[in-house]
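One chain, chain A, links the two complexes that follow: it is found with chain B in the first and with chain C in the second.
Now for the complex of A and B:
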């Protein structure tokens, strides 16, 4: 199996309002994929379907060759676009909770990242700033040795220096056969980290290509190309 | 991020140029072992797949050689490095001359301008 993800004819509507239309997508192992699209284009819907939080109306999804279920959930590490941390816990408490819950949790990874970012492990989550909470969330998600990471807007709330650290962390921590899908608006920040780009707009797949191909074909950076395609 | 990339050409091509210029300048020395793909990717802040592709392309030129199971080395062929150095000099000079000619400077004028600049 060289494919980690395979979607065929995926459709999803909310009360008749179409959110995803006939999405066909396959992602090879070891790639870092940027899931790009304007607000309301269906990025989060697609990610939630891959996690099993939403079910599609029609279509088939295979993750590592398997239908969505307990097995796929155990190999997918998902960073939601909202805060999921328990506000009353300490950072350490949150780390222990994750380590208990996920067998693939790598404590040494979490230790390194918490130390490098200078996060106070004794602090309660609710006393941390929004940006620091986002860092903790991302550390928890990236400390798992998962096969597929789904990161929904992972760097939106952090400062540029931390953004760089996080991107470097992603590059140095991911195993060469694990795959990362990052949904983001901050294209120019993540562009050079990506191997592939998937662009969706109003629920339709617009582009699915490698970053190098796209740059070669268009003579533009992904960021410039995005601005052109989605000009308001 | 450590390495700077522009938006115009594919990143692997820009990595090619950067690594080749490091070899020409002697930052990466002839016969020396190159860092691993992953370490280079982290240093440059790029995807390891992209770094891999760039290195494979440079191998095509002979400037890098792979020893199975022991990573990549900078070529010991100093003559080859010299050729790339020469090509770099010619290309950079041609680019500069192109810009100056667009401003209608003659060869003599360009030479006199260069001789007045403190380097």
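Now for the complex of A and C:
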């Protein structure tokens, strides 16, 4: 199995409170992985560690065989769970910003998506609606020909039509040898596109398997299984 | 790739500074224009006084604004929501710190130049430049007489180097305070407390060093004028350089290992 991601013995604690507990995880290239878990389970912490925004207390992470650093950041495309764009820049300015820093940025892909949505390129980010800002962010992230996409709650807090658009955009703009990790708790919306699932709860790895295996073993859909495992 | 980091940092700073420079130049031009009109009228006097007052406030405010801008820019682009993007770029934390410190120092220097241009706009002319020439000639002659011929240029260079080192240490002190402060629940309050903490710690260390080693100051004061100046500048530079390195290491440690963007 050609791995894009490997975590060994990953631990992270905030002020002594464990957020991730001994996570061992391998993700193969070319997969769409659902990182699933209830709120506060450690999904965002794991993604932040993979992007290099957080440093684990112990453990090793390899992305495409390399330790976290500028080299891995250049192949990882990360969508945080909130707006992160500079409000004073124009849409065009943000596109140029991404094109300047990421050699894998595909300008034509960005142009197509912006045109399809009819987004005003001269508009400043701060003048756009929250929904449009989220779409611009997604377009920028998915315009990269990255090896690993880390999407943190990309469909949370948006209407069903936008949710469909986001999922369509993700699926139609990634290369088959790229890997996507989508963190979400809206499982029914993404289940049909996932090839693997990773479930975590209170910082512990609960399940890491293919969707087919999970369905076969449990006789349930991922959504049903999730509801059973994380029943309050 | 580093060039692009500097390019975007300059864009971030000068999108605010350039309009401010333009406003200062416009006000300076207005002061100059109004001073050339000889009218005995209360409204005119009021407008003239207002323009001079605004230009003065703008000139003083611009220095303050450029420093605040550098600090706010650091906070927003690294420790605010934009930090998620900045720290996802293929650079290590030290590249961001050095880039922001260098660009901040350049912004301070260009602001000083803009202030000088404003002065030239207001007072510029044959007499102004003649006076300026005489002033610098007198300063250089006095300095040459005091320190010895040909040594003034060296001293001027040392003044510039020391000023830049002190400027960088001041900027990095704010960066270090903000990098420590982001560990607190209230990041802004944390940064302010950290700044005063660092300030008092540095003052205490300096007082202790100076009281424990009076020979340093005696050695400087008892030397010949040129030698005294050299020792004095060397002391300032070493202190500033130690601070620059110390603040940089603190900021780099916290942003590399203890980043808290929540």
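Rule of thumb we're sticking to: the second predicted complex is superposed on the first by the 230 of 232 C-alpha atoms of A that agree within 3 Å, B and C clash if a C-alpha of one lies under 4 Å from a C-alpha of the other, contacts with A are read in each partner's own complex, and residues count from 1 in each chain.
The working rule: contacts are C-beta pairs under 8 Å (C-beta built on N, C-alpha and C of every residue); 3 or more make two chains touch, one makes a residue touch a chain.
Since we're looking at a predicted model, the values are computed, not measured.
> Should chain B and chain C be called a clash or a fit once both complexes are overlaid on chain A?
Taken together on chain A, chain C would fit alongside chain B, as the superposition shows.
> Which partner chains sit in contact with A:13 here, chain B, chain C, both or neither? Use first/second/both/neither.
neither
> Name the contact category of A:53: first (chain B only), second (chain C only), both, or neither.
After superposition on chain A, A:53 lies in contact with chain C alone.
> Could you tell me if A:69 is touching chain B, chain C, both of them or neither one (first, second, both, neither)?
After superposition on chain A, A:69 lies in contact with chain C alone.
> If we overlay the two complexes on their shared chain A, which of chain B and chain C does A:208 touch? Say first, second, both or neither.
A:208 contacts neither chain B nor chain C.
> Classify the contacts of A:80 with the two partner chains as first (chain B alone), second (chain C alone), both, or neither.
After superposition on chain A, A:80 lies in contact with chain C alone.
> Which holds for A:25: it touches chain B only (first), chain C only (second), both, or neither?
The answer is neither, since A:25 touches no partner chain.
> Rounding to a multiple of 10°, what is the angle at chain A's Cα centre between the Cα centres of chain B and chain C in the superposition?
One gets 160 degrees for this angle.
> Rounded to the nearest Å, state the minimum C-alpha distance from chain B to chain C in the superposed three-chain model.
27
> Identify the residues of chain A that lie in both the chain B contact region and the chain C contact region.
none
> In their shared complex, at which residues does chain A touch chain C?
Its residues touching chain C are 48, 51-55, 69-71, 73-74, 76, 78, 80, 82-86, 88, 97, 100-102.
> For chain C, which residues are in contact with chain A within the complex?
1, 4-5, 7-8, 12, 15, 77, 81-85, 87-92, 256-259, 261
> Quick one: in the complex, what on chain B touches chain A?
Its residues touching chain A are 1, 5-12, 38, 41-42, 44-50, 53.
> Going by the contact rule set out above, which residues of chain A touch chain B in the complex?
Chain A reaches chain B through residues 30-32, 164, 167-168, 171-172, 176, 192-195, 211-213, 215-216, 219-221, 223-224.
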